[in-house]
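Next come two complexes, and both contain chain A; in the first it sits with chain B, in the second with chain C.
So, the complex of A and B:
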C-alpha cells in the first residue's frame, strides 16, 4: 500500500478550481516534484497536504490514516517555505529545537537532536547565531533542519531555493537530495524549475491549470511526454504539422519531405497530428539511414556550451541544438541547410 | 567646499535655534521651581509636592490605572491585530479608521457619552469607586487605541505573520503557543513602545479622571496649578521627567540586537 495518498482531491477558492481531480500515490521514501507554471495549483496542493488548506472534496491519507481534515499541528508533516520563515527571536539551535519543545520533549533529548541536525546540515558551529546573522543559503538549511527535527512522516518544500542565487541553488539542491536519501523521508518538492525537478526527483508530477498532466520518472517525462503541454513545458520541442502518407508504416510528410517514424500513426483523435522532436536530437548534414530535412538557416545563437540554430523548413521554424565543439563549422544565416534525425527520435503528438 | 561650509553654518544655526526654543521655557520652569525659598536655590517646591499625601495618592492611583489599562490594552490588541493580519487582511483599513476615532471625537464629548450610557441602569458603573474604575480603565484603553494599534501594526508589518504562524503550526504548535512563542516575542519592541506611550498618556490624562471624579494625577495637577505658584512648576518638571524616562525606555529597548532580529524575515 502506498504511503502518501491523494484521492480525487479538489479545491475551489472562488470560481475556477485551483486543484481538480488530483490523484497521486507516493511510496515511502519517494522524492516527488510538482512541476508546473505559475498558478497551476502546486502550492495549493502542497498546503492541503500540510493542512493549511482544506480540500473542497477528496481525501488525503498518510500511512493509511485519513488526514484530510486534521489541523496542521496534529499532522507531523515538515514544511520548508520559500521565505525560510525562521523565527527571528530564536537562535539557530532554538529554531531547530522548537518543534520538540512545543511538543514538550525533555531538554536533553532536544539538545541531542539539535546537535544531530546541525551536523546533518553541516552548520555545527552556528547554533548560537540568530537567523539575521546567516546567509540565505544557511537560513534555508536551518529551516530544513527545523522541519526534519520533529521526525516528520512527510517533508514538504515549496520552492525552497527560488530566493537564492544560481550557484547556491545547485549546491543546496544536491544537499537536499543527499539528506532526503540519508533519512529515507517521503518528500514533495514544489518547483517551477524543470531542471530542479528532473535532477532531484524519483517521479515528477507535471501540472497545468489545477490538473495533473503527467506523472512519471524524469526520463519518462522528458523522452515520452504524453501531452503537448508537457512536451512544451519540459525542455524545448519542435512541433511540425504533417500529413499522413502510410498509416501502418508510420510514414508521414512534412510539406513535401518524407519522414519515417518508428511508432505507427494513431488516428484515435480528431485533432491535427504533429511531428514532435527535441532540438538536441537533430544533427547537421545528410545521413542515409535516417530522416533528412532541408531548409534555410534563420538564426545562429551562441548559448555557451551549446549553439542553437534555427532552420526554416517548409514554413516552420525548427530549433537545433549543437554542442559547441571547436571543430564545429557554424552555418551562415540564409544558407541552405540539411539536417537529419533517427526514426525513433521523433513521435507524433 | 565653500558651499558645504555654508550649509553647515545654517544647519547649526537652525539646530541651535530649535534647541533654544525647546529648552529655554523648560529651563525657565526648572529655574522657577527651584526658587520657592527667597534668595536661594532649593528643592522646597519638590519637597512640598512629594510630601503632599494627595500627590502621592493620585500618583499611585494613576500608575496603577496606567499599568492595568496598558496591560489590558496589550492583551486585547495584540491578538486582535494578529487575527486581522492572518485571517481578515481586508479589514485592516477599517480597523485603522476605528482606532483613529479618539483623535476625531473630543474627549469631553466622549466622557459625556460614557457617563450618559453607563451611569444609569442596567450598568450603573458610576455608583461605587470600583465600578467607576472599571469605566475609567475602559476609557483609558479607548484613548490609547490610536497609539497601541499603530505600534503593533508597524511591528506586524516587520515580520511575515502568516508564514511564521504556519511554520510554527507545522512544527506542532497550537494557537496559544504560536502567540506566545512566536508573535509576542517578535513584537516586543512594538508592544513596549505602544505601551509606554499609552502609559504616559494615562499619567497625564485630565478629563476622564476629572469628570468621573477619581483621584488621578491629571486633575490633581490642575488643582495645584490653580492654587499655588511654585509647586506646579515642580510638578511640570516631574511629569517631564516621567515622560522622558518612558521615551528613554522605548529607545533603549528598540536598540541593539532586537532591531537586528526584526529584519530576519
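So, the complex of A and C:
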C-alpha cells in the first residue's frame, strides 16, 4: 500500500481552482518532484499536505491515516521553506532543537539529536551561530536539519534552492538527495527548475493550471511526454505541422518532405497532429536509413559545450543541438542544410 | 562632467549640503538650548555659579511633582501600550476587514498627534462637569422607594474627576495608544508568516510560538515604543495645563510656572527642574539600551 496518498484533491480559493483532480500515491522513501510553471498549484498542493491549507474536497492520507483536516502542528510532516524561515532570535542549535523542545523532550535528548543533525548537514561547528551569521546555503542546510530533527513521516521542500546561486544550488541539491536516501524519508520537492526535478527525483509530477499533466520517472517524462505541454515544458522540443500519408505505416509529410515514425500513431481527426523531435536527436548530413529533411540555416548560437543551429524547414524553425567538438564544421547562415534523425526518435503529438 | 575629475572638496560639500538645514536646526533648537539649560541650572538670578537651585529638589512639593509625572507617564504608557498593541495586532495579524484596518490606521495617525488644548477641550466637552456624556449619565434616574429621584450614574458623585490624575491619565491615553499603534505596526508587519508556519510545522502551539519567537523578536521594538510613549507623556505640558489649569502639579507644569517670568517664578529653578527631567530620561534610555542588549543578543551579531 502506498505511504502518502492524495485522492481527488481539489482546492478553490476564489474563482478558478488552484488545484484540481489531484491523485497521487507515493511509496515509502520515494523522492517525488512537483514540476510546473509559476501559479500551477505546486505550493498549494504542498501546503495542503503540510496542513496550512485545507482542501475544498478530497483526501490526504499518510500511512493509512486520514490527515485531511488535522492541524499542521499535529501532522509530523517536516517542511523546508524557500525563505529558510529560520528563527532569527535563536542560534543554529536552538533552531534545530525547536520542534523537540516544543514537544517537551528532555534536554539531553535534544542536545544529542541536534548534534546528530549538525553532523548530518556537515555544520558541526556552527551550532552557536545565529542565522544572520550564515550564508544562504548554510541557512538552508540548517532549515533542512530543523525539519528533519523531529523525525517527520514526510519531508516537504518548496523551492528550497531558488534563492541561492547556481553553483551552491547544484551542490546542495546533491546534498539533499544524499540525506534523503540516507534517511529513507518520503519526500516531495517543489520546483520549477526541470534540471532539478529530473536529476533528483524517483518520479516527477508535471503540473499545469492546477492539474497533473503527467507522472513518471525522469526518463519517461523526457523521452515519452504524454502531452504537448510536458514536451514543451521539459527540455527543448521541435513541433512541426504535418499531414498524415499512411497511418499504419507511420508515414507523414512535413511540407513536401516525407518522414517515417516507428512509434505508434494515435491518430484522431479532430486534433491537428505535429511531429515532435528533440533538438539533440538531429544530426547534420544525409543518412540513407534515417529520416532526412532539408532547409536553410537561420542562426548558429554558441552555448559552450553545445552549439545550437536553427534551420528553416518548410517554413518552420527547427532547433538542432550539436556537441561542440573540435572536428565540428559549423554551417554558415543562409547555407542550404540537410539533417537526419532516426525513425524512433520522433513521434506524433 | 566626469565626477571623478571634480574637485574633491567641492564634491564633498555637495554630498553634505542636503543635511545642512538639519544641522542648523539641531544646533539652534536642541544643542544650544540644552547647553543653556545645563548652565542655567547652575546659575543664580544674577548669573553667578551656584548649586542652590538644586536644593529645590529637597522640597517635598517638587519631589511629589516628579512622582506624579512618573506615575502619569508609566500608567499611560503601559495602558496605552497594551491597548495599542492589541489594536496593531488586530490591524496586522487579525482577520479584520480592510475598511476597518483603514479606519484604525487613519485614526491612529490623527489621534497620535492630537494633543494640547484641543485634546483637553474635547475631554472637557465630553467628560467635564458639564460635558455631554456626564450630562447623559447624570440624567439616568429612576424613582426611589420614597418617591424622590435617584440618579446613581453621575460620575462626579462617584469619585470621578476629570481635573485630576485620573483625568490626565484618560486624556494622555487618548494619544498614547494610537502612538503605540503607529510605532509597533511596522514591527508586527515584520513578523514573517513563514516563521509562524515553520513553528506550527515543527509541532509547536501558537502560545509556544508567541513566547519563543514572536515576542522575543518584537521585544526590542516594544521596549523602544514604550520609551517613546513614556517620553511623550513625561514631556507633555499643554494638555495637562489646559485640563487642570495647573492645579495638578506635574513637573512640566512646575517648570512652566517657574519660567513664565512673573514675580513668583525663578527661571533658574525651572532649568534645574528641566535638568532633572533630562537626567530621568537619560536613565530610562540607558536602562532600555541595557535591557535590549541583554534580551536581543541576536541583533548585535
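Here is the rule we use: the second predicted complex is superposed on the first by the 346 of 349 C-alpha atoms of A that agree within 3 Å, B and C clash if a C-alpha of one lies under 4 Å from a C-alpha of the other, contacts with A are read in each partner's own complex, and residues count from 1 in each chain.
As a working rule, a contact is a pair of C-beta atoms (placed from the backbone, for glycine too) under 8 Å apart; a residue touches a chain by one contact, two chains touch by 3 or more.
Everything numeric in this text was worked out from a predicted model, so none of it was measured.
Annotation: superposed three-chain arrangement on chain A; chain B versus chain C shows a clash. Touch criterion met: A:79 reaches chain B and chain C at once. Applying the stated contact rule after C-alpha superposition, one finds that A:103 touches each of chain B and chain C. Shared-chain residue A:62: touches no atom of chain B or chain C. The contact surfaces that chain B and chain C form on chain A in the two complexes overlap at residues 50-52, 71-79, 81, 83, 85-89, 98-99, 102-103, 130, 132, 143, 146-147, 150. Those residues of chain C that touch chain A in the shared complex are 192, 194-195, 197-205, 208, 212-213, 216-217, 296, 298, 301.
Remark: chain A residues 50-52, 71-79, 81, 83, 85-90, 98-99, 102-103, 129-130, 132-133, 143, 146-147, 150 touch chain C in the complex. Across the interface of their complex, chain B is touched by residues 50-52, 71-79, 81, 83-89, 98-99, 102-103, 130-132, 143, 146-147, 150 of chain A. Residues of chain B that touch chain A in their complex: 159-160, 163-164, 166-174, 177, 181-182, 185-186, 188, 257, 260-265.
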